[in-house]
Amino acid sequence: MQLIKNGSFVQDEWTTLADDEALPASGPVIVSLERFNTEQNLLLAREGKLGIRLKSGQEPTPIAPYLDRLALVALEFPTYRNGRAYSYARMLRDRFGFKGEVRAVGGVLRDQFFYMSRVGFDALEVDDNITPEAYADAVSTFTEVYQPSADGRERVMSLRQRLAAKAGQHA
Amino acid sequence: MYRYDQFDQQLVDERVTEFSGQVARRLSGELAEDDFKPLRLMNGVYLQLHSYMLRIAIPYGTLSSRQVRKLAEIERVYDKGYGHFTTRQNLQLHWPALKDVPAILRELASVEMHCIQTSGNCIRNTTSDHHAGAVPGELEDPRVICEIIRQWSTFHPEFSYLPRKFKIAVSATEHDRAAIRIHDIGVQVVTNAAGEIGYEVWVGGGLGRTPIIGKKIADFVPREDLLAYLESILRVYNMFGRRDNSYKARIKILVHEIGAEDMRRQVEAEFAEVKTRGVLQLPDDEVARIEKYFAAPAWEDLSDDVPEIDALAAKDKGFAEWLRNNVSAHKVPGYSIVNVSLKPIGLTPGDCSADQMDVLADIADKYAFSEIRVAHEQNLCLAHVRKRDLHEVYQALNASELATPNIGLITDQIACPGLDYCNLANARSIVIAQRLSERFSDIEFQKKIGRLHVNMSGCINACGHHHVGHIGILGVDKKGVEYYQVTLGGAADETAAVGDIVGPAFTEGEIIDAIDTIVETYLGLRQDGEIFIDTYRRVGVQPFKDKLYATH
Amino acid sequence: MAQHSRKGAQFQAVTANRLADGIVVYLTAANEWSVSLQDADVAEGKEAAEALLARGQKFYVPDILVVDIYLFEVEKTDGGIRASSVREIIRQAGPTVRTDLGKQAEIDGVHA
């Protein structure tokens, strides 16, 4: 596994803790929602950044009140075919205004990087065979987009309006 | 019709590059079949019995003559000289090689066509009324909103890995020719008390293993909010649709399990959020820009009475039959809608040869504003033909076996490719359609029977819409032998209903006689002015059961 | 995948589709993929069939050569090998409604 963060291949500073694994005194850790629910006070009071990993089926609304104290939310793709977390990522960004890392873990295919980057994922855990070239190629497949999404890209409809307005000025 | 601008063209071109790369990675072995399969499916490439199949999108069933000629050329160069029109207004090539698909896509892109999202668990081609823009009583041309939906749904980053496929259809007249109630989302154009255009939204319709008629969850969504409303439905579905069992993954199951009321509530809650952000609102000038492409052609000021056509009809019986059965009323005086039957007696429903397509393109150029439509009943349509040209159009169509006067009659059957082509099929469907059409080939008898929709599918996936045929035929496999189950009383229009299973399935040898018995039973029971479905709704299934299982 | 042989089928062969063009092929005794069913290696009994399938799946880089490899039931007749199910008869011959297309129109020995 390697980590791509904001388009760069980086060292992962986070430790994903199993539910029965002892909590280290410091350092960034990712815990499950179940663990967060049972050890919430301890986790929030702890030194070091905190992240929560949501399984498919655990939608992000219940953690919304804590998002300002979280530095990361990891969303699981049990298989690449299961696209629930695309909506979860968008909710985190668009609805709850989450500014921390949103990480895709599990079934994350090269041919999905583009979609993932559009719905608000800024970090992807990918297979070791993914090269920086393959990544760059995948996310630049399409120059323009038809829909507004969490990436804030201007949709084709607005581009057309701007073009038309410009043409109007010159006319 | 709509024409791509620089943005639309660029997207489709970039898609060709992307998919060509995926095919190259697969052929080189870099991509394994399991990983490639969802990618090829999202581009309409299936592996069927004899070879691959490529499904080409025909957005809302509208084609230009230039596109039709290109399709014919592709069929000749890369396939076996014909294509198959489907119940979702698409065209399927049955014999392309995977290695040729990139080249085919480049050809398609050169005429503003593609195979994007013609399969896979994503939002599929949005379908509509093949009489759009021509039929009397239409509130607006439904293709405008279809094109807007097409763009919104194309490479939608959030909804490309849905629990299951997702189909949207739009109708703008009271009489529903787009079968919106059997779609995941059906959109009905309506007006409110203030006379403004808006949309009624139906959700959770679908056929397959669990046929369900859609439920209405919105009475009036203003035009500017339609995309926000659709996005809300899709988000609820993407988050809560079942993913544990592919047979229970369609939105109809979610709606069925939580109930239409709860669905409406969840969608409304989501809609309130989406609307607040405002980013999906439809700008008026973008709607106006797209509307221009669907502006009415330059109508001539013509009389609706064309005595020379009446005179020709009096002399030419074939022409008269065709006029009566295949030509529909147009909203503009002096014009007609010409329905082109792809159901010649004894041939394959929905198949059209490359030569026929070239003929159609020529006819469309000469007589029909260069436009050809695809109907979900697997027929084609010339939407605007001057009445005075009807005889010439008839002769040109008839010379290419495109004027069988059977639109809406018993031989105008819907049939999926079935076991002759399809990897999923359990039984053949085309051969049954052919035998049935031969049995009922006498046009006088067809007219006596009246409007009767016979739909057949070769498996439970119901591509042939058997559940909503007045008579439905479903092919099933019993230990390697084909059997056919019959349903009665289905309908796909505004009176949509799922047919009732009449009883035990029939063998291949029995099925045509069984349909004959059903027809004879109906003829014996019908009252004045009734068509089959009226009689069936009045008398129910029992009289048919009695006759069928007494004699068999 | 659907079952393409009856339980207790006596004779079975292995089929697949060629990756590049989708054409139906059969595993031969020489460990090649032939377009003709008449060239197929036929296994008798369950164990031999499983061994045949394993040969098709494992030994000949099938992933870039062919896809969708499976066993199906055949009969040995005086005229040659014959598929048992309607589905496999159609696969090895072509559409019954277009006898001008498919293997039935292209190669000999299709309708054994």
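The chains carry the letters A, B and C, assigned in the order they are written, with residues numbered from 1 in each.
Going forward, a contact is a pair of C-beta atoms (placed from the backbone, for glycine too) under 8 Å apart; a residue touches a chain by one contact, two chains touch by 3 or more.
Everything quoted here is computed from the prediction, not taken from an experiment.
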| item | value |
| --- | --- |
| Chain-level touch network, classified as line, ring, star, complete or other | line |
| Most heavily contacting chain pair (counted by C-beta pairs in contact) | A-B |
| Reference chain A; chain at largest CA-centroid distance | C |
| Whole-Å gap separating chain A and chain B, where each centre is the average of the chain's CA atoms | 38 |
| Distance between chain centroids, defined by C-alpha means - chain B, chain C (Å) | 35 |
| Computed distance of Cα centres, chain C from chain A, in Å | 47 |
| Of chain A, residues touching chain B in the complex | 56, 59, 80-84, 86-88, 90, 94-95, 109, 111-112, 114-116, 118-119, 137, 141-149, 156-161, 164 |
| Residues of chain C defined as touching chain B within the complex | 6, 17, 19-24, 61, 63-64, 67-68, 84-87, 90-91, 94-98, 101-102 |
| Complex interface listing, chain B residues touching chain C | 26-29, 32-33, 47-52, 80, 95, 97-99, 348, 419-421, 425, 427-428, 430-431, 434, 479-482 |
| List of chain B residues in touch with chain A within their complex | 5, 7-8, 10-11, 14-15, 17-18, 21-22, 35, 38-39, 121, 151-152, 154-162, 235, 238-239, 243, 273, 277, 279-280, 283, 285-286, 289 |
